[in-house]
Every structure is written in structure tokens, then in C-alpha cells.
Amino acid sequence: MSKQTQRKSMDYVKKEYKRTRTMPANWYLSSYEYKFNITHMQPFLKKLKEKKLVANKCSGCNRVFFPPRLVCGKCLVKPDRWVDIRDTARVATYAIAYLKDENSEVQEKPMVLVHHDGADTSSIAELAPGVDVKDTYISMPIKAHWKDNPEGGLMDIEYYDLMDDDAEDLNESK
Amino acid sequence: MDKVGIVGYNQVKCYSDANYGRYEMIFEAVRGAIDNAGLKKKDITTVISATNDYYDGRTISNCFTVEVGGGYMADESKVEMDGAHAMLYGLMRILSGNHKLAVIWGGSMPSCYPYHSARLYETDPTWERPNAYVNDITSSGFQMRAYMEKYGLSKEDIAKVAVKNKKNAAKNPLALEESQNPNISISDVLEAEIYADPVTELMVAPPCDSVAAVLLAPERQAVKITDKPVWITGVGWNQETYYLGERDLSQSTSMEHAAKAAYDMAGISNPRNDLDVAELFEVCAHEELIFTEALGLVEKGKGPQLNTEINGDFPINPSGGALGGNPPCATGLIRIIEAVKQIRGEAGQYQVGDVKRAVASGQIGMCAQNNILYVLEGEN
Amino acid sequence: MGRQVAIVSAGYSEHASKRSDVSMPELVNEAIEDCLAKVPSVELKDIDAFVNGNMPAFEGSNIPELWMTDWMGARNKPLMRVTTGGTTGGSVAISGYYTVTAGIPGIDTVLAIAFEQQSQGDTSVGLASVAYGEISILNSLGISYDQLNRLLSAGAAIGVAAYQATTYMSKANITEEDLARVVVQNRRNAAKTWWAHLKMPDLTIADVLDTPYVQYPLRYGMVCPASDGAVAMLFTTEEKAKDMCDIPVYVNGVASVANETAVLGYDGSGSAQLDPSEQLGAMKSADLAYSQAGISFPRKEIDYAEVYAPFPNQELMWVEKLGLFEETTAPEMYETGVTAHKGELPVNCSGGVNSTNAIAASAMERPSEAALQIMGKASNQVPKTVHTSIGSGWGGSLNLITLMAMSDEPKRKWK
Amino acid sequence: MSEKIIEKNKGLVKADFGFWVGLYMDKFYDTFEQKKIIGNKCQECGAVFVPPRNICGICNIKLPLDQNWIDVSDEGILINYTRTAYKVTDRRARKAKKLNDIGMVQLEGSDTAIVYPLIDFKEDDLKTGMKVKVKWKDNPTGGPSDIEGFIKG
């Protein structure tokens, strides 16, 4: 990121420094393992197979975590209740990434944070391929698009479809 | 210095490959400490963690631990050293008068990363690291040889420490199971595989998975929280030079400086009489002897002559010390916890009679380059 | 109870994209020398303790303070290392304050050092590995590597900032031009700061808007550079400070509040920061620090602000969250010149992080610049007299916030 | 509660680093190319440092870059050694096939010791205080690996 930045940004007052020798080194993250307890994810993954969404809820602060969380940081307890969540959602916020595809052409790709109705957290997701990125706006209503045969994984929701927005203040929020 | 009390503690059992997620383990340690003191999340005003980016395999290793470590909307920071150093920062924060309850936690899971490589990153990258002849393994060998040759000691003298610690660890339910051995003998230690001659495998503190947490509070709050607060009456920390070739490895200059500062603060003039027990973070068996001498408990070179068994003249590491399990970033904190247990009389099978004053230490670096020492006292 | 703490000096190394002439400790040494040169009565041996930090994963060295001991002059001295990601500098400065205020016998004068030599490492891997562990769990839960790659590109600092920019722009109803204006002000200021990196005396808004997008709504021209640099600050007690310099700067309030992470939660769960520009943590930090410093009307009482903002939208957002302006009014203040060098409340006259970003050092350059402005020793000194100033920092996934409030009078009150 | 499910994921990426050695070490490595070793001397206490540094840790004063450089002999005294069964690399620590001897040698004319392998020594031969000599690589390139190790002096 940073190196590109300098190449493409504007000229600035530069000073040259003497180059001394360099000593190489590496950091192999491939020799690391990351351990996670995903026990609390199981009810959620199981329900995905039925095209249903569940989230866990903290009894202390009543926040609903979707996807489920191990610990509620606000209360420092494990969430202990399960609640159903609708598959309708809103765009919490978005950004547009410019990524090179196989032909090195830059593609505009919207990255959205999806806030499901009834949940208190947002998660990162993709919009339907046909959505024009320029039309994306904050709090745009969307709906989960399920895979034909859900397998109980996070990819079961392939992407999010747009919903008709009949709110009267649509033009203002746009 | 104002009085600061340790009001709660908790340690997750040491495992060589824990069946735990990282966040789960941190949560268990912190929640346990809060429960141990009978407190709530909202009582926490500051959280100091001890983690290491190279041990956890991620940049900003404390970024995602905010929630599980009790740091949500609390004044949070991280000390990238031993857990004992994190407690130093927690202590400073309490002393400042800004905070009423500090949570200090530290730990990592070496089952998830190449421990010795992560330690190799501590060496000078422009001189020693490319060839890796200096690393935590060889430096321990150098240190033991330097100590033995200077005072004419034998390998048996060093092995005795390992035997004592492994036997003590057998009485400590939280120690690493692989380290607990009530029947170990000196010849077992000497005949174990060579690690870095003269150091053998069994003289080395085995890296393992664990997280520990400690709660600190100023005097006014501490006496309300618990009947048995343990007061921090002295602290000293110090760093000596890095280059092994410049240091006298047979002694620990940094520990001597740290001990002087801590003793002055606590008003200790004769450590052998004024202290009842020591919990020291020894990466290798011989380090315990070097520290014993640096702490002024015996004359230099006389470390092996002191009986440091649980019922001995001056008990050292009744919990088994780091040889009973060395979770990086947590070991120093565990030493403090063990000293607190001794003072509170909660050490169970390895309780050392009546303990009024104890010292606990933490360290980082090759051959204990940076040491920190605490003097802890019970209520009289 | 704690002691009053004063900043007596601050020093910098030169900042550039590649300080290939110096090693990490030599870079640090430049900053130490500059810092001590401003207080002739203090020598290296007079320093009682060191606190330092950098972002180790960006440089491939674990706890570099260990091998740098001699190079820094820290042999046989107490040393503590604090690192918290982007806020490292802020956290180190705050730990410097705590080390002095704690009143530990024999520890009065503390040198705080933060440094970064990014040209030695791989910043993109460094940034990606912040969220790498969390993202890898998503793979176990059924997300393909293809999609993970895209998520990774959004997991880094720029991704977080882009989300934040979108919400802020929509809330404040501003255009990219308003963002570009902030950049222009910063980089023109940087041209007058000797140690700054991107010095652009003739930059215009059109120049900035002419560059391509990195991630909408942020363009290449708006993004901070990657710099090599170091900064050092000298803290001491109230009594000693008076002998060391003419105008000691008293640290009256500090805070480093942590919030839940934005965009991505731990273990790959969702983020509870539904609106990344809301910044509860920043507001809590401001509350804490201002109440310690006895600041009740930040807008009126604060004369100068150094705000940690690698991206222009953050500068706008942060000055509001720290109580300097009403919500969504910051863009107007930049347009009318309130925040300019000659303005009523100058912001980031050093050029800010937007012009110079040696990651760990950046968050300490904010309080150090804020202090130098009070002393009257800043390199782009503002014409008005500064009595009270603040320096802030953010790091992690928008979740760690540091703030230091200082003034030319010791105002810290203990209950 | 059902049984705990722990997931383990491997990291995938690798970060490359290149450390600038800086002016002092650059000067030091320059002489390696001629198979020579230099150190810098503290103007106050007279200690000679190999490798060089910018501050004398003993006196806490700056050592200037342009003066007080001293030639150091490539012969010295073995002051400490160890035999290790491990080889540590950036990636992992591996058990080596045979024990390696690593020695700490104080070169004549310096006050510090450097650590390199001991080449072709038998276990019984090793003794602290014995004389050893640097073995240079055939084609030194100006880096720490120009010294292959120490041989009997």
C-alpha cells in the first residue's frame, strides 16, 4: 500500500540518504498456527443449513451478536441466549476497493458492512454482482441471497440482494 | 510510595498443547481473577496486558483482546515484556491516583508458534541474527559454563536445582504435567538430551500455554475488596547490556540493581532474614542460583550450598518455578501469584510455613538481560 | 498520590521514506540527541529510566530495545517497553508520564522514545497480519480464500478508514474537496517543519483530486506516507523541570481508552461499532483527560491541537470527537481558516500524520509537537501564544485511542 | 454444553525484511572485505568495542563516527563455549545431526567477545583460555558470515 502511494502521489521536497548495507531476515507466519474455540458457532452453523439465522445475546446488556460471539466485552460474560434473526439487513457503511483482476484491469468492488435487522453488530459482506457501486448508500435495505444447497458455512449467504426502498426520505438519504 | 495491594489473581493451568482458543484462555484468566476478588466488569478502570506480536503471530497483538481481557471502555495499554513488567505499569497507574482497579494479564500459547525463532528475533539483526549462532539455546549454555567455571561448581550442583523444582512442581496442580516428576533424580537430569552443553533438556524451563491475571488496587479500595490484600512494598527493574561477550555471565548485574532498588524501597537490609520465600523466574536451572546470589541471599558462588527446599533454610520456587512451566509473557506474573499464595497461605501442598514477606521476579532477554523484582508483604 | 509531571524537551530524527544511512538504533540516537540538545543541563547519564516502543512486526525485530540497550545509553538503567500498534507513540508518552507521576524512589527523569524504520520491512504484510488471525477463522467457517483475500484488503488500516470516511461524509454531507482541503493544509504546514516527510509547499486541492482512488472515497493523494523516523520526549518532575528549561509543559490529563474493534470483531465475529465514525472511545478518552486537566470547555480552553489522522476524514472527525468543534462543523472550520497556522485554533501545524507517518513515532509526535508549541520551540511555531494543547492518537482497528492534555501551568488535581 | 471444538489455522504469508546496518556497522563490514577486523575505542575509558557502537555503555558518552577506530587482531582467546544440538533459524529450531561447538572469543586488542562456531575441535580439546584464530571465508562480501568460525590458533 505505502510503496504504491509514494509512486503515485505528487512531488515533494526529497533528500537522498547514503545507502548502507542491508541484512536480510524473514518472518514466516506459515510456521504459526492460530487456535480458536468455535464451539459457540455450532448452533449458528447448524441453522444455516436450514436457511435460518440465529444470533447469541448477552443477558447483561441485551446486545445481540451476529455472527455469534464468545464473550460480551461490555459485561465480560459469555452470551447465554439464542435469538432468531431476520435475513433482511441494511448497509451499515461501505467502501469501494479497486482490485486488479486476472487481466490486470482494475475492478470496482463494493465492500459493505451489513447490519442485520435485530442484531447489534455488523459484519463484512458482498453485494449482488449486478449492483452498481455508485448506487450504494448508507442504510440501504438488503436481503440475504441464499445458496441453493446450504452446507452450514458462512458462504451459504452468497451475497446480499437489493430490496425496494419505499422510505419517503429515500432521496434525502441518497 | 503509597501502598498498593494485590487483591485478586488467577492462572490457567499450564498445558503443552492446550485445548483452548486464544481468546477463551484470556477470558478464563481475567474472569477468574475478577470472580476471585468478587468484583464486576464495571469496577475495572485500567487494563494492562503483556503479549508479544512475535509470540502471537499478529501485528498489534492486543488489538482484538480488548473485549476478552476486560478492556472495553477501560484505560488500556500493553507492555511487550514479561507479565511482571506489565504489573509494573499497572502499579504505576494505581500510584498515579488515576485508577482504582487495574487488571494485569499476560500470556501466550507457544504450542502455536516456533518459540526459539521468536526468541531469535530478539538478537541484533545487523550482526548476530543472520547467522543465528547467538540464540536462547546457546546463550543458556554459555551462561551455565561461565557460572560453573568461575566458582568451580559441578553439573550436579546445577542439576540439584532442576530436581528440586520438578519435585516441587509435582505438588502444584497448575504446573505443566510433563514437568511434574516426584521421583526425578540428579542422574535423570544429567543424562537427559543435550540442549546446549552443559545445559540438558531437563534444566530448561519448558515453554507452555497459559494466561495469568492479577488485580491491583490502591490501599483504600484494597482493604474493602479483600481481607487478605498483599502489599507491594518494593519494586526494582533494570536492564544490562545486550552483548553476551561483554557481560560477566556468571552474575546478574541487572538483578543486583533491581534488588537494590526494591530492597531500599521496602527497607530490607538483610534479605536472608527479612524475607521468607522467593519465587524467581529462571529460564534455566543455573539462573536460579545466579539470582539467589544477586538477591544477596548467599555470597557469590555459594548458591548451591543454600538449602532451598520447601522446608529448607530459605525456600526458593516452592511452586516449581519456571521449570514447572514457562508460558511466555505469563511466567513472571505467575511467580508473583505464587508469592501471593504463599503470603495468603493458599499454596496448599507446597505452602512454606508462615510467610510474611516474599520476593518475586520476572525477566526477558538472553541470559536474563532485563530483570524486575517485587517485594510483597502480607498484612501484619 | 501522583506527582505533577512536566515535559521539558522533545526531539526528532529526520523523517524520510528510506533512512538507508542509519540503523534503527542510530535513528533513535538522532532523536535522543536532538531532544537533549534542547536542555543543556541534562546529559544521557542523568536519565533515570527509559520507556520506549515501536511496532515490531513492521520491522522484523522482537523487543529491539534489548539489543539497542548500549546504542541508546540505557545500560544498567530501568527500561520498560510499551507497544499498542498505531497508538504506540501515544502509549509510550503516557507511560513516560506514569513512570514519573508514580513517584517510585530514584525515578524522576524519564526519556520516552518511539521509533519506526518502515523501509526495513513489509508494511502491507504487517498491516494485513493485524487482522490475519481473525480472518483465518472465517476460512474454517466456510469462506473461500478468494473472498478472504478481498476481506484482507479491507482489513488493513486503509479499509477501516475508508468505511469511516463514507459514514462521516454522509453524516457531515461533505465532498471529496473538503477532504482534499485538509490534505493541502497539512502538507503546506509540513513544508515548514524541518523533520517532516511529505513537504509540499505548493500543493493545491486540484492536485489532490487528480490522483486515483486507493479505496473510495480515499485517493492516493490523501493517504499518509510510510516514513522512517524516531522521536524522543523528556519527562520529569515539577521541581526538576524548572531548572531544566524556561517553560516546562505540564501534563495535566492522559487517557488511553480501548473500544471494541471496528469492521471485524475478534474470532471473526461482527463489529459492535456499527458506525465507525461514532468513536465512543475517543469521547471517553476526552472525558477522562479533560476532567483530569480541569478543562470544562475544550473549544475555549484549548489553544492548539495535534490530532493523529493518517487520512483527512479522520482529522475532521477527530477534532469534533475531542470536543474542539460541534459535530459535523469541522469541514467549515477548515474552509474558513480557523484551523490554519494563523487561525483561532490551529490544528496539526507540524503537517500531521498525513504528511509524516513513522507509525509508532507518529502518535508521540502529536503530544511532543503540542508541547513544543507551548514552549515556543516548534519548527512551525504558531503566531498566537499557546497555553493549553492536546495530542491524540489512534490505533488498532479504530479501537485504541490515546490523548494527552498539557498546559504551561500544573493543573492536575488529585481527589 | 457439548464438547469443545478448537480450530487450528496455519498462517500463510511471509514478511521479508532488510535491516539497514547503519554507518558504524557499514564501516566495520567494509574492512571485512579485506579480511580485517576493526573496533572503535571509547575516548574516555579506552574500551574497544567489536562490533562498534555509537555510545560507550560504560561512560554513557557518544563515540564519534570519524575517529578512534582501531585495528583488532584476528587471533584471540576462547573465553566461553557451548555444544548445542539445535540449529535455530527464522522459521524453526531444528535438531541438528551432530553437536555443534559455538565459541565466544575475545579478540586481541578488544574488550568484547564475539560468538562464532569452533571448527574442527574435539570435545576434549576445548578449554577456555586457549588461543584461537579467525577462519575467513574465501571470498568475503562484507557481512557477518565472512567469518566462518574459529580454528586453533
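Order of writing sets the labels: A, B, C and D. Residues in every chain begin at 1.
Convention: contacts are C-beta pairs under 8 Å (C-beta built on N, C-alpha and C of every residue); 3 or more make two chains touch, one makes a residue touch a chain.
Source: prediction; values computed, not measured.
Novice: Compared with chain C, which chain's mean CA position is the farthest off?
Specialist: Measuring from the centre of chain C, the most distant chain centre belongs to D.
Novice: Give me the ID of the chain with the smallest distance between its Cα centroid and the all-protein Cα centroid.
Specialist: Chain C is the most central one.
Novice: Between B-D and A-C, which chain pair is linked by more C-beta pairs in contact?
Specialist: Most contacts of the two pairs: A-C.
Novice: Taking each chain's centre as the mean position of its Cα atoms, how many Å separate chain A from chain C?
Specialist: Each chain's C-alpha centroid was found; their separation is 27 Å.
Novice: Could you grab the centroid distance between chain C and chain D? Build each centroid from C-alpha atoms only and quote it in angstrom.
Specialist: Each chain's C-alpha centroid was found; their separation is 37 Å.
Novice: Could you give the separation in Å between the centres of chain A and chain D, each centre being the mean of its C-alpha atoms?
Specialist: Measuring from centre to centre gives 48 Å for this pair.
Novice: Counting only residues that touch at least two other chains, what does the list for chain B look like?
Specialist: In chain B, 20-23, 54, 57, 66-68, 71-73, 112, 114, 117, 121, 125-126, 130, 241, 243 touch at least two other chains.
Novice: Going through chain C residue by residue, note those that touch at least 2 other chains and give them in order.
Specialist: If we look for residues of chain C contacting two or more partner chains, we find 19-23, 57, 60-61, 69-70, 75, 120, 125-127, 129, 132-133, 136-137, 140, 260, 265-267.
Novice: Please list all residues of chain D that touch 2 or more other chains.
Specialist: 4, 6-9, 11-23, 25, 57, 90-92, 143-144
Novice: So that we know how the chains sit together, what is the shape of their touch graph: line, ring, star, complete or other?
Specialist: Shape = complete; every chain linked to every other.
Novice: If we count contacts the way the header does, which residues on chain D are in touch with chain A in the complex?
Specialist: Listed in rising order, the residues are 1-23, 25-26, 29, 90-92, 142-144.
Novice: Per the contact definition, I'd like the list of chain D residues that touch chain B in the complex.
Specialist: 4, 6-8, 11, 17, 19-22, 25, 51, 57, 79-93, 99, 102, 104, 106, 111-117, 128, 143-145
Novice: So in the complex, the part of chain A that touches chain B is made up of which residues?
Specialist: Residues in contact with chain B: 23-25, 27-29, 31-38, 70-78.
Novice: Would you pull the chain C residues touching chain B in the complex into a rising list?
Specialist: So the residues of chain C in touch with chain B come to 1-2, 23, 53, 55-58, 60-63, 65-70, 74-86, 91, 94-95, 98-99, 101-106, 126-127, 129-130, 132-134, 254-261, 265-267, 280-281, 284, 288, 292, 395-397, 399-400, 414-415.
Novice: Going by the contact rule at the top, pick out the chain C residues touching chain D in the complex.
Specialist: Per the touch definition, chain C meets chain D at residues 19-26, 29, 33, 43-45, 57, 59-61, 69-73, 75, 117, 119-122, 125-126, 128-129, 132-133, 136-137, 139-140.
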